[in-house]
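Which chain is which? They are A, B and C, in the order written, and residues in each are numbered from 1.
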């Protein structure tokens, strides 16, 4: 099973997982528009259709989906990630549970609205004026010029001060790491990913990881990891002696 | 067409009922009792009594025109029997193909009152920008000033929303409990997958 | 089995008449016999017969709703008896106010001089298309050439705008020294804040 060929049918995206990743990496698709739970369900359903458990696909999928989730969460709630981090674990769990309950209620409400649309869908009414009604003239009331000044003042009010924590969580562009890794590989034929990103923040590490996946996808590098959580070793394509079992072949040869 | 409930001509209340019929057949939007009373130059109580007469005459199964109380007022609509014929001639641009994202956004705006795109994104976990733009274009939500703190534009549902969903007012929305049907569905799908695995 | 037409409830012709009532009460323009026949999925001759029934039901003196044949086909109108009430209904909401979106758009165009829709959207943080269309329709802003760079249409305020706001000229607009000393400073400040808001 090839994870990147997983067909997705989401609200914001329809097509193979591979294309979704590419679009996200190229900033052509907003990660925050993507329903990650939908991707997980599609993957599980595909997995279930097979007779044997494809451990390799599972591992690859887990890594990929975790990186996407973390990026998405931090992109969506830059300030709240910091806020939650300041809470005690119990309080943070409670806060998350509260938000989840709120979201569930709204999902319910949306479900009710959908049912209502079905039961009320056979009610037709006119939008706009009747054909033979008098033409409605609605002259504008005299206006105070001060109101114009007021709305512009409101538009010029600076929004609530953002915390420095928020600034720290802003994302560097993926291209920054693409360039960086290419530069490293021009000097050396291989490097240790963990060592290369050790000094970076977690967000930067996540973006760096996506850059790594992109380089592998485009066939520029091969990646090897001896065991889960072991250091990730990166090599220029053509120097892949480390790639003995060709476990990454699906990612470097098949890219379209 | 003689009907048992036919209004007796010349009776002032009957006349008021006919005036109300006339007002409703040309109105662009539902009319409140006060608006009807002002236009008919009569008392609100008498308008309410006359509306009952009109309602008896224009009801499902009796007439192709049906009186309904909706969106804070009274309006005529087509009878449900005629829905197929209406569908052949008229579009329903406001409610056709509403996506799940749009419905969730609509629910949040309807239940939480004026709220901004960041408010909605915070609850849904995904950006609400395109869903909000889509609902504004359909006329189901509209701008309602700006947030004091962040200056973000806030949105509320429109009378058209109440009309499309057949609500007299937002207070007719049901109370929601905490059990998420959708969560239940996801769990069911997960269980189904698990059973297939072990089978 | 052909049966003579009976004009009682439940009779198909009566049902067709009700379908026609339903179609006419929701139509925004007069409907021709052919349009009615297509929608009702019935024959034009039968529609014409049913229209006679509808016309008997909805005629002056009998009902506040009156069936009328006009150039484009058939339509309902208000009865003449209700003319005064209808006139009051359509005179009443004589004075309208501007929405927040319109006010903001107008303020931006008035203070910053000719702006395109992208300029306005950049400052407001949300599309200005419908507000601009609305203000153009009301005659408060008008096209004023095209943007040098992108070629987008720019808009300026009109003499009507000055009349509505009681200004002899734009130089009489209230000062905004607290935001910036001149147009350029005000523009820069608004852009800076807009960027912070969307960051």
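By definition in this document, a residue touches a chain if its C-beta (ideal position, glycine included) is under 8 Å from a C-beta of that chain, and two chains touch if they have at least 3 such contacts.
Here the structure is a predicted model, which means the values were calculated and not measured.
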Maximum centroid distance from chain B, chain identifier (CA atoms): A
Chain closest to the middle, measuring from C-alpha centroids that were averaged per chain: B
Which of A-C and A-B has more C-beta pairs touching across its chains: A-B
Averaged-CA centre spacing for the pair chain C and chain B, given as whole angstrom: 19
Centroid spacing, where centroids are CA-atom means, of chain A and chain C in whole angstrom: 40
Geometric centre distance via CA averages, chain B-chain A, whole Å: 35
Junction residues of chain A - those touching two or more other chains: 124-130, 132-134, 136, 155, 157, 159
Shared-contact residues (touching 2 or more other chains) in chain B: 25-27, 76-78, 82, 86, 90, 146, 150-152
Of all residues in chain C, those that touch chain A in their complex: 22, 25-30, 68, 70, 75-78, 86-87, 90, 93-98, 100, 103-104, 106-108, 110-111, 123-124, 138, 140, 164-167, 172-176, 178-179, 186, 189-190, 193-194, 196-197, 199
Complex contacts: residues of chain A adjacent to chain B: 11-12, 30, 32-35, 37, 41, 44-45, 47-49, 53, 76-77, 80, 99, 101-114, 116-117, 119-130, 132-134, 136, 154-155, 157, 159-160
Interfacial residue positions of chain C with respect to chain B in the complex: 7, 9, 15, 17-23, 25-27, 31, 35, 38-41, 53, 56-57, 61-65, 76-79, 81-82, 84-86, 88-89, 92, 99-101, 124-127, 130, 193, 197
Residue ranges of chain A touching chain C (in the complex, touch as defined): 124-134, 136-149, 151-153, 155-159, 162
